[in-house]
Each structure stands twice: as structure tokens, then as C-alpha cells.
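By written order: A, B, C, D and E. Residues from 1 in each chain.
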Amino acid sequence: MNISWYIVLSALLFTIGAIGILIRRSPMVILLCLELMLNAANLALVAFSREVGNAQGQVFALVVMVIAACEVVVGLGLIVAIFRRKLPLDVDDLRELRG
Amino acid sequence: MSATSWAWLVLLFPLLGSITIALGFRRTSWRFAGIVGTAAIALAFVCGIGALVCLLGEDPEARHHASSLWEYASVASLQIKLGIYVDPLSVFMVLVVSGVSTLIHLYSFGYMQSDQGYHRFFSYLNFFVFSMLLLVLAGNFVLLIVGWAFVGFASYALISYWYRRTTATRAGMKAFVINVIGDIGLVLAAFLIFQQLGTFEYTEVFAKAPQVFHTNEWTVTAICLLLLVGAFAKSAQLPFHTWLPDAMEGPTPVSSLIHAATMVTAGVYLIARTHVLFVLAPTAADIAAFVGLATLLVAASIALVMTDLKRAIAYSTMSQIGYMVVGVSIGAYSAGMFHLMTHAFFKALLFMAAGSIIAAMANEQNIDKMSGFGKAMKFTSVTMLCGALALAAFPLTSGFFSKDEILAYASARGGMYLIFTVLGYFGALLTAIYTFRLIFRVLRGDPCAEAQELIDTGHVAHAEAPFNPATGETEDTDVGFPGAEHHIAEQSPPMKLAMGVLAFLALFAGFIQVPGVDETVTHFLDPVFADSPLAAIHPSNTAAWIGLAIGAAISLAGIAIAYWLYVASPETPRRLQQRFAAVHTFLYNKWYFDEAIDFLVVRPALAIGRFANDVFERFVIDGAITGGTEETVGRAGAIVRSFQNGIVRTYGLFLIFGAVGLALYFLIQQS
Amino acid sequence: MAGEGFNAPHLDYAGLAPVIALTVGLVVILMSGVFGPTKKWAPGLAVLTLGAAAGLLLWHWNDDLSLVAGALRVDNLAISISLIAIFSAFTTVLLSIRERAADEAGHGEYYALLIGSVLGMVLLAEADNLVTFFVALETLSIPLYILCATNLRREGSLESGLKYLIVGSLGSATLLYGMAFIYGGTGSTDFAGIAHGIEVKGMLHDPLILIGIALAAVGLAFKTSIAPFHQWTPDVYQGAPTPITSFMAVATKAAAFAVFIRFFVVALGPETGDWQMGLAILAAISIVVGNVGALGQDSLKRLLGYSGVAQAGYMLGGLVVASEKGISSLVFYLATYLFMNLAAFAVVVARERETPFGDDIRGVRGLGAERPALAWPLTISMLALAGLPATAGFIGKLYLIEALVEGNYLWLAIFIVGGTMISLAYYLRVVAAMWMRPETEVATPGLATAGAGPSGPGGSTPVIAGASPEADPVDPDAGRRWYLVGPAVLAAAITVFFGVIPQPLVDFATHAGASLF
Amino acid sequence: MEAVLFFLAAIGATGGAIGVVALRNPFYSVLALVAHLFSLAVLFLLLTSAFVAAAQVVVYAGAVMVLYVFVVAYVGSDHEPMLDPIPGQRLFAGLLAFFLFVEVSAAVLSSALKALGTHGPDVPAGFGDPAAIGTLLLEKFLLPFEASSILLLIAAVGAIVLASRKRNGEAGGDQRNGRQVGAQTPSVGAPR
Amino acid sequence: MINALLWAPLAFGVVGLFLPKKAVGWWATAGALATLAIGVIMAFGFETGASGLQDTVNTTWISGLGVDYSLGIDGLNLFLVLLTAVLWVGGIAFAAFREQERPQLFFFLMLAAETATLGSFLSQDLLLFVLFFDLMLVPFYFLFGAWGVDRSAEGGPTAPQATLKMMVYTLIGSLLMLVGAIATAIISAHGGHLTFSIEAIQHQGVPLGSQRWIFWFFAAAFLVKMPAFLVHGWMPDAYRAAPLPVLMVFSGVLAKVGAYGFLRVVLPLFPAATSQFQTVILLVALASILYGSVMAFTQTNIRLIAGYSSVAQLGFITAGIFALRADGSDGAILQMVNHGLVVAPLFIIVAILVERTGTEDLRSMGGMAMRAPVLAALFLIVALATLAMPGSANFIGEFYILNGLFQAKIVFACIAISGVAMSAYYALRLYQGTMHNRKPDGIASREISLRDGVVLAPLVLCILALALYPQLILHRADPSVQQSVSAVTGGESETPDTNLAVNK
């Protein structure tokens, strides 16, 4: 299979993730969509690393996984805090700050 | 001591007087002010004599000197010195001005006694004399303009002397603005001269002009016309004359000094002074002459119907100046100057007398209300009669000689200029009529109330509440003239002295310039005008005497008519009025000059001002420029904030949008 | 590759010292919690750590080291930016004393996270390959996400935390995706390698690289809050605890700009011609957006947020021209921006604590008469931000414009000028509020009820941004506390000093700029 | 064979992704993501990067997802309403995403990079196996490796700070009325 | 010496911040007097007839950016510096006689403003000039805003609004000028060593193409500052808001900086553009003259009468400069000083009148002269000088200006001179409206107090002295002016580099 296929696929996944962030309101799902985007990036990285024939991209992908995990943790922590604070778990309703 | 140093002294004394009086107004008495003021001018006169003597000591060709104190305003490209120019012409003017002024100061010393602003008055008056002398002595056009404007200011200050009177302040403003227009004419003329000749100094200008310009070249014509604007504005010639009648708001001594004897004749002096240029621009000269003629007749016609004593005399002043302008423009220089002198005498005298009478009438100026002062105020009426005779050119009085000399010259020059002779004589007729109209109506007849009171009690009547004759509104007395106790009419010796001297001069000054006998003035002034071809023209003695004869006849005729109209059959005037109602109203409204100017100049200016204020400033400056910008920025801000709606997904949308846009730009930019 | 023996990279501990110092400090502060209440010493420890790091960085001034197999590069640019970040953090520590958020989070954690973020910034400033770059970026961001939310009682705080997290992650995902393409196009993750790759692989102007640049630019523009990627800025600035805001406002921008510069000038140097115009347009947009957005803002933090967007636009100009002078001017501006903002935020903190108005502009009304020691710094900082002479702000603008004109970006210079004009309208509004008679209402509650507390008359005032009753307890003489007045006055003094004698700072910036060329 | 695997995995990944976005119950979204991750792992294998694939399965499907499930269980999963309150949000989201996709694909397809068209160069055996990756991690990428460890520490601290109960008990009360005040002031900071 | 002149006011101001309320006013006055003394000493040291700069200071300020700290005095700025010093003494003394709120700050700002203004006159480095030019504004921003008059009652703006408007308006120009200055330096450097020294740039020359647009950047700054027609929008509000002691120095001096800038910067550096756009600028000047005059005689607020008259006067000055003849510019310099010297006393008098009458509306004033003859006399002199009464130095100024214009562009001169007639009208209207006619009830007509007299009289004496001997200024200004103007007229021959640059 050509590398191009993988890249195009990753582009597809990336955009799907983006769409998700833009249209979902539950913070949890939004976090999931972030995961989607990061994974799309990972796919691209790995594919490219295959294409250029060095493994740096794969390592990059691994690091990205770690970072994604961190973001998830913090995100979920925030969600919990918000829940504790009896605020709605809907990003549209969190709009005290604007203008 | 040389002529120039005398001249500097001439300038010095009035200035010192003015300053001293002004600074001392708190500590010194009114007497001090009066004495200092009069003395200063007297000294100036004396110095004038000194200068005269010096000049006469020299041979006629050498009788001109320039002298300068310091560089007034000079840079590499143009020099302006603080310099004077002394020659017979200027000395002549100095003598006339300072002489008449001395007498009028004397008169004012008594006349203004009870006025609150005594110091201010004399300070201004001295300042005026200083400015007038500066004007006549100036050695270059810039200094001329300075003196020119100074007298304008002095006249303004003295016209609105009783500054609580709105009429006075308005009249002052009018006079000043019109005079400024005149100044502008002079300034432009100066610029043009500088452009052509590269200097402002009289001597150089008059020396260079004949080489640079050839006759009737447009530049020199333009210069002369611009000079005329200045001259006419100052000398109240058409169409700039409207300020002079209003100027009568000022105290009577002011009217007699500034608005009869001296300042208003500055225009005549100017034309005489720059005759070199006018010779080069005959067209301009003729225009000047015709304007003078027109003024002469128009003013005379108005004077026929004026009921306000002072204004009537003012119009006669205009008309007399018309004679002078005609004279100096057509080339009768010395004649014109001579008439200037005699006119100064008798017109000053007439005003003094009028002032005395007005005082006796408790500020009433309307001649319809006056009568019978002949009995009430002997001295005044006698002197007034002398003045009137001179004005009417009664044979052998001063006016008789001076006026007729001009007309004789005109006929001698012949051709087109005969018009001036003919119409000049017609003007003389009118003059005689209106002059004696005043005399008969004011002096003869049975005394009016005030006159009667004067006869009975020897006390001058005065209104219980002083009022403004023009509007009739009551005066606020702290500027109040006449003050509470005011009994000055012909009772104060200084006044009598001044009037007496002037009466004498008015009657007999003519004899210094009798055609064919002794033409003192002509001889004295000849060196100045020697360079003018027109000066060569000279009416033969016979012609001159014929002219005098005609003049005498006309003047007598005029007096006779006046007698018939106002004494023999007092009904006639009224009938004439009804018969020629239109004419009368037309004349009575002074040919509607004020209205015309108001319509043509004043209203448009104000309209523009209002437009600028209410429309332009509000809608363009504040509206479009300032407001527009604010509006735009504000709108933009609103848009930005509306995108900032606090919903995180919108932010995400914009982020992706940015990404897409940027990527697109990059891709397009390259392919 | 496999099968070869494993040979560890040479570790230059001297070069790594600052990073190590920060790491150690971070751990120590966390640990200190074990031995008892951290409230007392945590700030001290934090200051100590920062001081140590700063010292070690200065020690490397004028060095040019490549560390840990080309992961890091220590040069003047990195050092200068790191110093800016550290100084900002240092003052943040001071401002955080008695800060409600610190109590909420627990002081140990609070300061540890702060140090962590600083660590991220130092790494980012030194980053020399993509992986380090990305890790450092996240090390910078993630603590900030948390710190923003630490004032758990205030809805705004949590909200800002979540917003920042979501949009931030979106941004970094985009950035990452861009990196992936650049890596794919050049086959290297080292900046130098990338530049080399572009050259040899003939990838110049290749769509693959360009799309990568575009996406990477988006990510970086987001961090530096360039419009249209700025929208988080005002909200997060307003919601976050003020000391953290002050930290974000300067340090984040500085670090992000550092890597922006290094990545675009070193790695994408060959492509300069391609990205210049694009970035210039972004700069122009954010100048306009930031300035008009700030008009009519009542919340000072929000106002500063928008102004931050505009200022970022100005600074980006320095990068656009990609010349030595441009970079120097950018660094210079960042340095001045540090002090200008610092003064402003210190005052805002003080007023937040002593008036019931929070960060609303009414909080500073009549300050000139009431608290000159606060009014002067705020005034100076506003004037400096507006770029008026005799302040460092003027020199900064002068420097930038000079660089732009030299780089033939006159039109951008004119944009800067235009933006400055608009900006007067809001900066001076603050000044007017301090010194001049109130614009509309006569009585200023700020004076009347200062120290009265939320329960006082202030409580009944309509709730406006940042001033909900959730606001922190009022400390009536916060306006006299040395740790608030000190930084304010100091920063203002420095602003003026460098406005009058800019030479030292200019040299500093020139060195930083020179290190890349 | 490889092509078939690729397409299957691709379909799986795409389907999973779509599921994440489309499913309205967060819980199902999580499951969809798990599916997505597995198919990604397959793709990684096809790209001869075994270690990454393994890590993918272990770290994500193993650890992270579990965390998700817990949280979802904790905060409860309520269905969000179908239609979007912001007008045009979905339309624009779709359009922009589409454009992005087109741009990226265009870039990829029009790129001058030869290798993209190929299967990639032949790589030595053991390319991307744990040994190789480990070497890289400890040599070239030592610093990012350490840094990410610190990052994990920070994240942990953060999670504690955010999620842990407050020491001082009075938290609950004023939280609630704080919220009420917050409710009274919906239009805070709105432009005026 | 020159440094002392420049920084003395600021130093006094800073010290003043720490003095007690009572003392600070006198201290500030002393500071201003000291500055004036230094200025006068320098004026005596001034070598007449020399065109070059004298007692210059020149040290590098920011090496990296090519900015130098270089000051110097020549015929162009000598008397403007003196004017500044004199007016500030007047303004500060006048304010010191009165109760000010927060006096320390007030006087500090006043003195700071003086330093800034002096700086913009003295600086010989383009960027330094721009810097001081902008800096001038800051103190006035505070003075207008914090001590100003709130007009919201009569539907006008509040002081802060008005002063903000002024700030934005004037900075629009001067920021563009900043860009222009930098561009000038960079372009003229031709890639070589970057310098902002005006002399150096003039020597290197600026290509015509660049001159065209840079010219407008500078012109914008100067025209707004003046203010000229169409960009005077800030003036009415600012003038009505400003506290009068401040306003007298503001309108007395600051407007001149704009005109001065033309002579100092624009003519020497952008000769080609100058002669190219001469007509345009002349049109603007003409519009300012006419518009200013017309507005002045329709206003009823006495501040605005003075304000719009300044617009007209500055129009004259600009016209004089852009006659591009030595005599025109000589007149402009002279007129700058004159206008400063008349407008400042004018505002003092306005202040006194407002104190007496409690109103600024001309229509509800009048009749003052009776009880206040001295005030009236002083006012009369000032008014006459304002309307450029022949015999006053203002007349010589306008005479030179108009003469220059007449020789250069005769039509413009003929139109411009109509402004003189209008000025006669509005000046007298102002005088009569306040001093003459009937005194409305409820107006206190008191004589000028000795303290105000002490402030006012010296200024009036200056007017009279200059009236007697305007040569004092013309003589010293002329050489420098010729140099500056010849850059345009004889420019090609004098600075070959410019010529060469133009040909490029």
C-alpha cells in the first residue's frame, strides 16, 4: 500500500475529530475527539516514519501518547471538579466569560 | 538745528503728551491733562514752524530731507527703516495739522471739562495728533501705513469714546473696519510697488518709478487704484463714505478735529504725495477725479435734507473733500492743498459752533427743534456765521479763493476737465444753499425753549435725565456727558479763544493765496510738484479772476435761494418735499448706501459664518471626520465582541477556520 | 539500528543545570508538603528555585551549546527568553501570596505547577527538535490549564480552565499534525535537519511542507494569541486567578515566541519567502482585532487580554521580517512588555483584594488621589503600552518599526501605528478613571466602600465581570502590601528607566537576536 | 492481503471515529473509541511499527479508556439534545473540516515527494521493534522522554488538585449558593 | 548650558512633588524663572548673523538604532525657546496666584510640559524631535483632563472626553511622523550607517519618490498640531475644557511647534516634495485663514474666539513658510513669537473676565472698562496686536508673510489678506463685547488685581518692545531661515546629494 493512503486516512480521521470537537457539547466527548485528532496525527507520524525509513516518527508517536494521556487526566479532573461544583457538563452553558 | 530734527521733535511731543496723560490718569487733575495735552500740541506746532524756517532757509530744489532713526524691520531681501521725509508738502501738512489741533485742544479743554474720561480723551487726542503727524512725515510706505492705521485707530477710539452708547461703539466699529479695508488697499499697493521697484522708500520709489513704468502700464495703474482704495476709505469718498456720518457719535471736538480738519484729508495728502505715480497712470487719476466729483455732488445733495446738525456738516465735509480730491487728481496740487487748509479752518470752526449749540440744546442735534440762537448765543452765532460764509465761498473769505482756484485750474486744463468746472460750480451752489439753510434755521427765528432759557437765566438747559440723541435711550451717567452740572456753552474762555482765532482765519486766510497777487502756498509747494508736467499748467490771472467772479455770483445766488426758502417763504421747502417726495426720501436715506452695503457685504459674511458654525463644523468636522472614525472603530469593536460569545465551540470553529484559511493561502501562494 | 550496542548520549550537566535546578525545585516543593504546612515555605522555595535557575542561565550567557543529542540549544535567545519567563514567574510568586487560588489548590501544588510551567518554558525556549518542542509546549500548557482552574470556587475560574484546555489541545493537535507533515517532508525531527532536508530533498515550496508550516503556524499563533486564534485569551485572562493571568500574559507569550522564532527562522529558514507574507497578514489582523476588541471593556484583565492580542500582533512583525534586527526588536519588545504588564497586573491584584469591584475599571477610579503608589505604576504601564515616549514602550515600538521598515514591511509598520492610535482610546480610559473626575456618576464607590467588603455597599452594586460575590475576601490594605506595591513600583520604574536609558536592554536584545544569525 | 487488511482497518478506524462523534451517549462513544484504537493498532502493524501498536493497545485501550469509563460512570452520562443551539455551527463545522481534508489530501497528492507514492523504502528487520525504539528513546530522545515523565507527574498533581475533596469542610455550602449567584448573572461581562 | 536649559524645569518639577502645598507654586515659578534666565543668557551669547547651530550637544543615545541626543540653537528656534520660557513663567505664576487642587502634581506636569516643549524646539536629531513632539502631549493630557472644565452641562464633552479627543487627533499625526522619520533615516542611509541627525540626512538626501509620501506623514503631524482647517476637530472641545493657565501656554507655544517643524524638518529634508506640494499646503493654509476668521467672528464663547483666531493666525504662518521665500519665513518666525505673545495675555484676560463675570458667553458681558481702566487698556493693546495693527510687531510679521506670499503666489496673497480685515472685526468685537457697551446686571466689574497685573504687564511690555524693534528677531532669524529655505529654492545647487537623489 502507498504511504499516501495512510496519510489521507489520517487526514480523514483528523477532520472527523475536529468535527466532533466542533459539534459535541459534552466535555467528555470533546476529550475523546481530541484523542481522535492526536491519534490521527500519530498515524501520520508513523506512516511518515515508514516513508522516510527512520523510527523517529514512531518515538514521536509514543511521546504523543503520553501527552495525550496527560491531557486526558487533566481534562477528566476538570470535568470532575466542574461536576462537584454543580455546574452543567455542557460547554455551551459555561459562558460566564464573554464579550 | 536741521529740518529733520525739528520734524522728529514734532513727532515726539504729542507722543510724550499722550503717554504722560495716560500714565498719570490716577494721580493728576483734569486740568493737568488738558494743559499738558494742549501744550504738547502747541510745542509740536512750534517745532513745525522751526522746520518751516529751516526749509525756507534752503534753496527750493534742496528742500527735501530723509532721516531715519533705526532699522525697523530689515532682512537681506528687504529693508524697512524707521524714517521720515521732510519737504514742503509734509511741513505744510504738519503746520495745518498741529495748528488746527492746538486750537481744538484749547476748545476741548473747556468743552470736555465735566466729562469723566477727561484723561482718556486728551490721551487719545494727543495720540491722534501724533499719528497724523507720523502719517504726513513718514519716509516710506510702511511707516505711512503705520500712521494711516494709527489715525484710524485713534478715530475709532474717539468715536466710541462714550463706549456705553451702543450707537457709538457700533459707529466706531464701522469706521475702523472700513479704514482697515483702506489699509489693506495701501498694503497691497506697497507689495506691488516692492515687487516692481524693490523698495518702500519714498525717495527711491519716486526716483525709480518714471524709469520703470511707462504711462498707463497696468501695474502702475493697479498701484494707483489700490492707493485710491486707501485714500477713499480714509477720506470718506464713495463708496467708502458711510462711516463718516456715523462718526458724529463722537464728542464734537473729535468731529471737528478728526472728521473735518485733519484725518479725513489724509487721502488728499496721499494723492498729492504719490502724484508721481498718478502722473504715470492718468487713467487712475481721472477715476479719482470723477469719484471726487461724484462724492462732491452726492454729499451736497444729502446735506440739503439732513436734519441732524452734525451729520449735515459731516456731509458738507465729504463734499468739500470731494473738491480737494478733484483738485489733486487733475493736477491742481497746491490748490487742493490750499483748500485743504482753508477747509480745516472753517469746518473746524463750524463744528465748534455746532458743538456749543448742541450743548446748549442739552445734546439735541435735530435742527427742526432749534431756532433763535442768534439772540441766545451771540459769540457762537457770529463765529458760526464766519464759518458758514467761508464754506459758502462768500467773496473774499478763505473758501472763496481756495475752491475757485481748483475750478479755475480745471477750466484751464480744458477738454474733458471742463465738466469739473461746471459741476464744481453747481456743487458750490448747493453748498451755499445747505450752509445757509443751517444758519437760518438755527440762528434766526424766535428762540426755542432752550434758547429762551439761556436768554432768561443765562443757564444752559439740560435734560433732567441725560440721553443718547441718536436713540433717545437714557445714558448711564458714569460715562455721562454732559455731566450733572454742565454750563459750558461759549462761557469758557479757552473755547472762545479757539473759535475766535479760527473765525479770523476762516475769513482772512484766503489772502495768502490771491491769484496773481501773492500765491504763497503755490510758491512754497512748487518744489514738491515741480516734476509733474501738470504743475506747469497754470490758469492765467484773467481766467482766475473770471472764475472768482462766477464763484462769487454763485455763492451769493445760493445764499439768496437759502434766504428765500427758509426765511422769506418757509412754506416752500415743505411744499417741495411733498412735490418731490420720492426724491426727498431718497436723499433723506442718503441714497441708501448703508442698506446696499449691508445687503452686499455684511449679510453674506454673517450668513457664511452661520453656515460654517451650524452646518460645516457640526456635520463635516464633528460629524464626518471625527464621528465617522469613532463610528467605524466602534462598529468593528462590536463585531469582534459579538464573535467573542463565550462558547468554546465557536472559538474552535474560528481556529479551524483560521487553519483552513492559512493553509489555503499558503497553497495558493505557491501554485 | 537494533543490535548495535547502546551508547548513551553525552550529557553536559553544566548546560542542563538550569533545567535540572527547576526540576529539583519542583520535586522539593511537592515533597515539602510532607513535612507540614507548605503555606510558609512554598513561596520561598519557589523563589529560591527560580533564582537558582536564573543564575545558572546567566552563567551561560553568550554560550552556544547543543545538549542531549541536539534536543536542546542554549544560546542567548533561549537564555533571554527564559530569563523573561523566570522573572515573570518570580513576580507571580509574589502576587500569589495570600492568593485565594493558592489556598484552594494547596500551596505546594500551586507553586509546583508554576515551576513546572516555567520548566516547560525554559525547555521550549531551548528546544531544538520537534519532539522536545512538542513535549515542552505541553509541559508549559498543562500546568497552566490546571492553574487557571485553581480558584475552584469561582465558576469563571473553572470555565476558563476548561476552555483553555479544550481550545489549547485543539491547537496543539493542529500543531502536531503540522509537525508530522514537516517531519514527513524532511525526514528529520531536528530543526537543523529539517532545514537541511528541505534543501537536499528539493522540498522547497512543496505543498507537503507548506501545509505543515500552515498548521504549525496555527498552533504557535494560538499560543501567542494571534488573531483569529486569540479568542481564548480574553476569557481565560479574565477567569484565571490574576497572578496566573499575569504569568500567562507574559511568560507564555515569550516562550511561545521563542520557539516560534527558532522553528521558523532555523528550521524553516529556507522557506522564509513563503511564510513571511502569511504571518504578516496574521499580524495585521490581530493588531486590528485586538485593539478594537479592547474598546469599551470594563474588566481590566479582559482589556489587558485584548491588548495582549494587539501587542502580539506588533511583536509578530519582528518575526515577519526574519532579520537579526527584527528578532532583536521582538526580544526587546517582549522584555519591555514584561514590565509594562507586570505593573498593571500587580495593581489589578491589589485592587481586586481591597475593593468589591474585582478587576472592574471602577476599582481603580480615584486611585490617583487614594493610592498614588498604585496609580503611578498603572498609569506608567498604560502609557507605555500605548507606546508614549519616555517609556520603554516607545523605544520598543521604535525598534519594531525600524526593523519593519528596513525589512520593507512599511505597510505593517503603518498598521502598528494605526493600532496604537485606536489603543489610546482604552488605555487612556483607564488613566482617566484614575486621575480625572469620574466620567458619568459623581460618587465613586471605590473610594467610599474601599475595604467595606462584599457585605458593604459594594455588595449591592450590580455584579459585573470578575466581581461576583464569589470574589476573594477583601483585604482593606492590600494596596499597601510590599509584595504587591513592590513589584508594581519596581516594574514601573524599570519601564521608565529603559524608556530613558534603553541602551542596556538594546544590547541585551541585540545579543539575543544575533545568536540565530 | 495487505491491502485487504488496510481497508478493513481503515474502515474500522473511520467507523470508530464516526461512532465517537455521532453516538449521543458518552459511554458508547468511549467504546467506539476503543474500537477505533484497535484498528489503528492494526494500521501501525502494517507500517512495521510493532512497539507503537503494542503501546497503543496497552496504554490507551488498557489504561486511559478505563479512566474514561470510570469518570463517565461517576458524572453520569446524560444524552445531549439532538439539534445544535448555535445556528450554522454544524454546517460550518462540516464545511471547514471538508476543506481541511481536501487541502491536506491535495497537498499529499500533489507533493513532489517520491516516497509517498511508494510503499516506503525497504527497512532492516527489527525496524520499529522495542529494541530500536528503546535505543532511540535513550539516545536521541532522552530528554523528551524524561520531560514527558515529569509531565506525567505534573498531570497527576493536577488531577489531585482538581478532583480531590477540599480539606476545609465548608466547601459544599458556599459552592451551592455561589452557583446560584452565578445563575443570577448569566450575561456577565457581556459587551455593553 | 543647553542641557541645563532643557532639564531645569523638569528638575524643579520633580523636587516640587515633595514640597508642601503652599510652597510649591512659588517654587515652580522660581523654576520657570530660572529657565527663563538661562534662556536669556544663552540669547545674549547667541552669535548674530551666523546661520549654523550654536552651543550644540551631541552624544549617542541608542547606538543600535542610530538615535543621538543632539541639541542646538540657531535662528529658527532661539526666540521660540525664549517664548516658551516667557509664557511658562506667565502661566505658572498666574496659576500660582490661585488655589489649585493637587498643586504638586499640577506644577510638576506644567514644568514637565515645558521641558518637553523646549526639547522639541532644541532637538537636532529627527527621532529626538519626534519623541519630544509626542511627549509634549502627555502632561497636557493630564492637565486638561484632571484640572479641566466639565462641559457636559451645556451639552459639551466632559474634560476627559475632550482631552482624549485631542490626544488621539494629535497622536495620529505624530505617530505617522514617527514612521516617516524612521523611513527617512533608513532610506537616506542607502543601506549604510543609520543616523537620525537632521544635518546628516539633509546631506545624504532623500529620493524624490520617498519624499512624496514621507512629506505627507510629517505634514499630517504638523497640520493637526497647529491645527489647520479640516483637522482642527479637536480644538474647540480641548480649548473649552482646558484650564486657562494651561491653555495660555498650550495655545501660545504648542501650535508653533508644528509650524517650526516645517522649517526645521520638512523644508531641509524634503525640498523636492515641498516645492511640489507647495500649492496644496497653501490652499490648506488659506482655508485655515478664512475658516478660522469666519468662525472667530461668529463664536460667542470667548475662549473659542481666541481659539479660532489662532487657527487663522497659524494659517498665516504656514502660508508664510510655504511662500518658500526667505522673507515669508522670516515673517513666519516673527509671527510665531508674536502670536504666542498676544494669545497668552489674551487667555489671561479671558481668565480674569471669567472670574469677574462667571460666564464665558460674550453676549452676557460688557461695560467693564469703566471700573477697570487699566485692564481695559492692557486688553486694548493685546487686542490691537491680535488684529495685527500696523505698528505692532504682528503687523510686521503679517506684512513679511503676505509680502513673501505676494511675490510668490499673488492670488493667494490677495485672498489671504482678507483675513486681516476679518481679524480686525473679531478682535474688536471681543474687546467691545467685554469692555464696552452697557454693563449687564450681576457682573462684577473690578480692576485687575496687582498680582495678575504683575503677570500680565510684562507680557504686554514684550509686545510693545517688539512693536518698536521687531528687527531684534528678524535680524537673528534671517540667516538660518535663508539656509532652510534655500534648501528648497536654491536647494539643487546647495545639496548636490539631494539633486542626485532626485535624479534617481
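Definition applied: a contact is a pair of C-beta atoms (placed from the backbone, for glycine too) under 8 Å apart; a residue touches a chain by one contact, two chains touch by 3 or more.
Just so it is clear, the model here is predicted, and its values are computed rather than measured.
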**Asked** Quick one: which chains contact chain C and chain D both?
**Response** A, B
**Message:** Starting from the defined contact criterion, work out which chains touch chain B and chain D both, please.
**Reply:** A, C
**Message:** Measuring between Cα centroids, which chain is at the maximum distance from chain A?
**Reply:** B
**Most distant chain from chain D by Cα centroid** = B
**Asked** If you average the C-alpha positions per chain, which one ends up nearest the average over all of them?
**Response** E
**Interchain centroid distance [CA atoms averaged], chain C/chain E, Å** = 43
**Whole-Å gap separating chain D and chain E, where each centre is the average of the chain's CA atoms** = 67
**Fill in**
Chain-centre distance (mean CA atoms) for chain A and chain B, in whole Å, is 97
**Complete:** Note: chain C sits from chain B at a C-alpha centroid distance in Å of 79
**Request:** Send over the residues of chain D in touch with two or more other chains.
**Result:** 86, 89, 92-93, 96-97, 100, 103-104, 106-108, 110, 113, 116, 127, 132, 136, 140-141, 144, 148, 151, 154-155, 158, 160-162, 175, 179, 182, 185, 188-189, 191
**Item:** Where chain B touches two or more other chains, by residue
**Value:** 641, 644, 646-650, 652-653, 656-657, 659, 663, 667, 671
**Prompt:** Where does chain A touch two or more other chains at once, residue-wise?
**Reply:** 7, 14, 17-18, 21-23, 25, 47, 49, 51-53, 55-56, 59, 63, 67, 70-71, 74, 77-79, 81, 85, 87, 91-92, 94-99
**Asked** Okay, what are all the chain pairs that touch?
**Response** A-B, A-C, A-D, B-C, B-D, B-E, C-D, C-E
**Asked** Mind pulling up the chain E residues that touch chain C in the complex?
**Response** 61-65, 67, 102, 127, 131-132, 134-135, 137-138, 141-142, 145-146, 150, 158-161, 163-164, 167-168, 171-172, 175-176, 178-179, 182-183, 186, 194
**Item:** chain A contact footprint on chain D (complex, rising order)
**Value:** 2-3, 6, 10, 13-14, 17-18, 20-21, 26, 29-30, 33, 36-37, 40, 43-44, 46-49, 51-52, 55-56, 59-60, 63-64, 67-68, 71-72, 74-75, 77-78, 80, 84-86, 89-90, 92-94, 96-98, 100-101, 104-105, 108-109, 113, 115-121, 123, 127-128, 132-133, 136-137, 140-141, 144-145, 148, 151-152, 154-156, 158-163, 175-176, 179, 182, 185-186, 188-191
**Prompt:** Can you list the chain A residues touching chain C in their complex?
**Reply:** 7, 10, 14, 17-18, 21, 27, 30, 34, 37-38, 40-41, 44-45, 47-49, 51-57, 59-60, 63-64, 67, 70-71, 74-75, 77-79, 81-82, 85, 87, 91, 94-99
**chain B contact footprint on chain E (complex, rising order)** = 165, 169, 230-233, 236, 291, 294-295, 297-299, 325-327, 330, 367, 369-370, 373, 377, 384, 387, 389-391, 395-396, 399-400, 402-403, 406-407, 413-414, 417-418, 420-421, 424-425, 428-429, 432, 435-439, 469-471, 474-475, 478, 482
**Message:** Under the definition above, what is the set of chain B residues touching chain A in their complex?
**Reply:** 641, 644-649, 652-653, 656
